[in-house]
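Please see the structure below; I have some questions.
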Amino acid sequence: MKKILNSPASYVDEMLEGFTAAHPEFYAQPERRVIARAGGAVKGKVGIVTGGGSGHLPIFTGYVGPGFLDACAIGDVFASPSAEQMASAIRQADGGAGVLRLYGNYGGDVMNFDMAGEMVEMENDIRTTTVLLADDVVSAPKEEAEKRRGVAGMVYAFKIAGAAAETMADLDEVTRVAQKAADACRSIGMALSPCIVPQAGKATFEIGEGEMEMGMGIHGEPGIWRDKLKPADAITDEMIDRIVADHPFGKGDRLSVLVNSLGATPLEELYIMYRRVKARFADMGAEIVMPLVGRYATSMEMTGATITTIALDGELETHLKAPAACAYWRVV
Amino acid sequence: MKKILNSPASYVDEMLEGFTAAHPEFYAQPERRVIARAGGAVKGKVGIVTGGGSGHLPIFTGYVGPGFLDACAIGDVFASPSAEQMASAIRQADGGAGVLRLYGNYGGDVMNFDMAGEMVEMENDIRTTTVLLADDVVSAPKEEAEKRRGVAGMVYAFKIAGAAAETMADLDEVTRVAQKAADACRSIGMALSPCIVPQAGKATFEIGEGEMEMGMGIHGEPGIWRDKLKPADAITDEMIDRIVADHPFGKGDRLSVLVNSLGATPLEELYIMYRRVKARFADMGAEIVMPLVGRYATSMEMTGATITTIALDGELETHLKAPAACAYWRVV
Amino acid sequence: MAGDMIGRDDLAAALLRVAEGTGAVAAELNAADGQLGDGDLGITVSKGFAEAAHTPLPEDIGMALLECAKAFQRVSSSSYGTLVATGFMAAAKAAKGQLGIATDTLPDLVGAARDAMMARGKGNLGDKTVLDSLDAVAGALQGKQPEAMMASALDAARETLAEFKGRPCKLGRARMFAEKSASLDDPGQLAFLRIVEALASRPA
Amino acid sequence: MAGDMIGRDDLAAALLRVAEGTGAVAAELNAADGQLGDGDLGITVSKGFAEAAHTPLPEDIGMALLECAKAFQRVSSSSYGTLVATGFMAAAKAAKGQLGIATDTLPDLVGAARDAMMARGKGNLGDKTVLDSLDAVAGALQGKQPEAMMASALDAARETLAEFKGRPCKLGRARMFAEKSASLDDPGQLAFLRIVEALASRPA
């Protein structure tokens, strides 16, 4: 196990300790496995919470901050937080104007967040709404789009919903904008080598030397084909083709694109991909606004990359460009 | 070769194309393999150039920007740029107040940068100075400290020298501050698995499953021991012990610390290390200011981490905290 | 079971048996889950029942079942743990205010758990999940004499596994592996069988 | 070599021979460099001489040597390339304004290159680098008749390798591998021998 850790059981808690110690200006851990803004909830502002398994930094905890989220519940590596932790995150995020639960479409997370919502509604009288990210185009066909899993599109949804909440809009309005952002996202991933979940101690999947898997999920969920590694342009082309088959872009359209590393794939290679991404959308006549290239949603040391597009209208673009700050992304 | 690329020969040029396309607000490529600020040289300001091999993003090109560097020459992966390219970067950085060459102590780079300096002095009448980073404590004993190689300490030197230049100080003054920053840095690395140089097509070194190497350099230069992987706290302790043996910290001292991934090692594990780093310096009575945890100087997909300390006095701390912006680090 | 009423102490004894039984098969369940999912099902089930078994239970059987739900929620955040907690909670609501469960209400309690779990997980019968096991057991208990219930439940849980052999999972992580999942037991159905086996391991 | 003067055409012919010769041993030199460094030395040397051989040379032998220096600088950024360029440049400065190099000035030219390369790379004699080869050749050429020079140079380049067997490299990347480097030839010294061999391959 090529990992730097003390013990698998303490991986997440020690990580969170270092995380808050390194960035006290942004993050606090008021309860175990619950990360909140250093300054606490903002009175009168709609709170936004997310949550999910650890092992995806900067997702989830990293996107807590002004212009982004208010609190986050985090589980073991690749495992859902408990409903209790989620309820606690909701309470931390509550500034009296209700709380939006904004997270990825994974069965366990959904069940626990639903339960958490029932808990805080009963116990704390907090009104909550839900927006699920379901942006991975290969995880289910268009007819069953609501079954798709949520991947890096979250990054855009956090930013845009966070900006909407910052305008002091009410819960329904923030929920509407968040849903619109979620609906505008499409993602696809590909992987070259696995990562190791500390408590399992072994690779999440096996993949031959010189092989790649198109469409693989961030926890190693199987993709659509596995074959020998293709050139960067061919890989990028297929990813874009699959995205635009689901959500076409044409002349005059505006979008943002996130070319994201799953962890080990270096920036150098993301830029080789982005070069092609840019050329492809230019060919369609679409303009890329504020592209993101880097490690925004990872699977620890997995090798591979994801591409996410978000179709923008004036409202989404304004929120995307609004000021925001967290330890990983600052818009000024 | 588990890399996303089109051809080894085009790796660097395609990377740079995507790099400038993704961040046009920061970077321009006025000549092949030369990156300059999007806005060009700042008239009357001392220029700062760096350079070195590709494969270390965000180093080197990434740190071009306001409050950081002015231009950069970049070579093939892990190979020096040519003296001609360096001369060209110096010309790009020249705002009429002379140019500081600020880069890592690698034989090839030094020879080429010296030659480049002679070229621009002869041909363009640009006055230049040199400050070398030589922060890797295990690469040579203290008595031969000037032989040490330069690693992640560069990040601090770029930031601090950049801030000094931004005050419109003259070349000698900027050089003095840069040298002071360079002298205040100490670094050490450890590696768990190698990376692949595209043109070589194979791993830069071999290391057994379950093994680590303490003190390894960013190109795979051999370290001081190789043995089975130790727990995170033991690794961190040895790294800090070796740093403080070379540059002690005591009660009331202030420093910044960079816990840096060589590429594949995830943020999660850097935070596990930072947790220990913080505790160790707290034990010494020293205070950590503006810690950096992330991927600031990498070796593509190498697994491993480096720790860098920089001892701060009032002057260095002021420059460290001064506003600056590049695509990877923004201080507001 | 004291005749046709299940009291707090019966429940506690049953939880101990299941905690022991699922502890013994945890590795088997982890392995089954690992074929299609994240391999944590054995941990989820054994930790959940162990926690419930070690929680002091109030006399009110409804409140006792609520404690079971809370115990599961505390220690497990995996789907199965949340579903079991949901099931316990539904039963708790139905049994609240009583000192025991009349055995003839058992089919309805199991049915209530099934329905709550369907609502929680948005699953359907036939998706090849633990829901199918619960449904089969609820049906099998209907109209049975108390002394015949255990055997019927066991049969129903076993038959569910047999019935879904060759059919793909349509829910949860396993959904992603349609082909592979068809040739394997659904880990949640298998876990349910092991739970019922543990319940039956000593006549109550 | 036309008698005791080396003109532009002699230089061009020599560059062609060395380009060819080092092209043929590029893999060997890459491998030698790969043992201790980044394995690019064969590429560096062969590309550099090929570029120089394909560059039109002016008649002024000093300016011709300057073109050689520039050619190396253009195509190679590795240490050896920069050092060779530095050596050519030093020789260029010394020979500037003449139509040929008098063979009796060859020892001084080689010495001038050695000194410039020492200044550039901050290396010392005895560090087990190409500097030692140059120093030995400069010494061996001293006072020799033109027709004996090639053989003396070859001997000196060979003897340098033998002399440093068992001694560690003290400069460049190889410095990091003191122990390993002692048992191996310095790749730069080996490359120098191959260059001289190529020069000698056809009597000029």
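For reference, chains read A, B, C and D in written order, and residue numbers begin at 1 within each chain.
Note that in this section contacts are C-beta pairs under 8 Å (C-beta built on N, C-alpha and C of every residue); 3 or more make two chains touch, one makes a residue touch a chain.
None of these values were measured; they are calculated from a predicted model.
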Shared touching chains for chain B and chain C?
A
Going by the contact rule set out at the top, which chains touch both chain B and chain D?
none
Maximum centroid distance from chain A, chain identifier (CA atoms):
D
Dist(centroid_CA(chain A), centroid_CA(chain B)) in Å evaluates to 30
Taking the mean of the CA coordinates per chain, how far is chain C from chain D in Å?
81
Chain A and chain D, separation of their C-alpha mean positions in angstrom:
57
Go ahead and note the Å separation of the Cα centroids belonging to chain A and chain C.
33
Please list all residues of chain C that touch 2 or more other chains.
none
Multi-partner residues of chain B (at least 2 other chains)
none
If every chain is a node and each touching pair gets an edge, what shape is that graph: line, ring, star, complete or other?
line
Let me make sure I understand the interfaces: which chain pairs count as touching?
A-B, A-C, B-D
Residues of chain D touching chain B in their complex?
38-40, 73-74, 76-79, 82-83, 85-86, 120-122, 171-173, 176-177
Which bits of chain B are touching chain A when the two form their complex?
1-7, 11, 14-19, 21-22, 54-55, 57-58, 192-193, 195, 209-210, 229, 231-233, 235, 263-276, 278, 291, 293, 295, 298, 300-301, 303, 305, 325, 330, 332
Under the stated contact criterion, what part of chain B meets chain D in this complex?
75-76, 78-85, 107-108, 110-112, 114-115, 139, 197, 200, 217, 219, 221-222
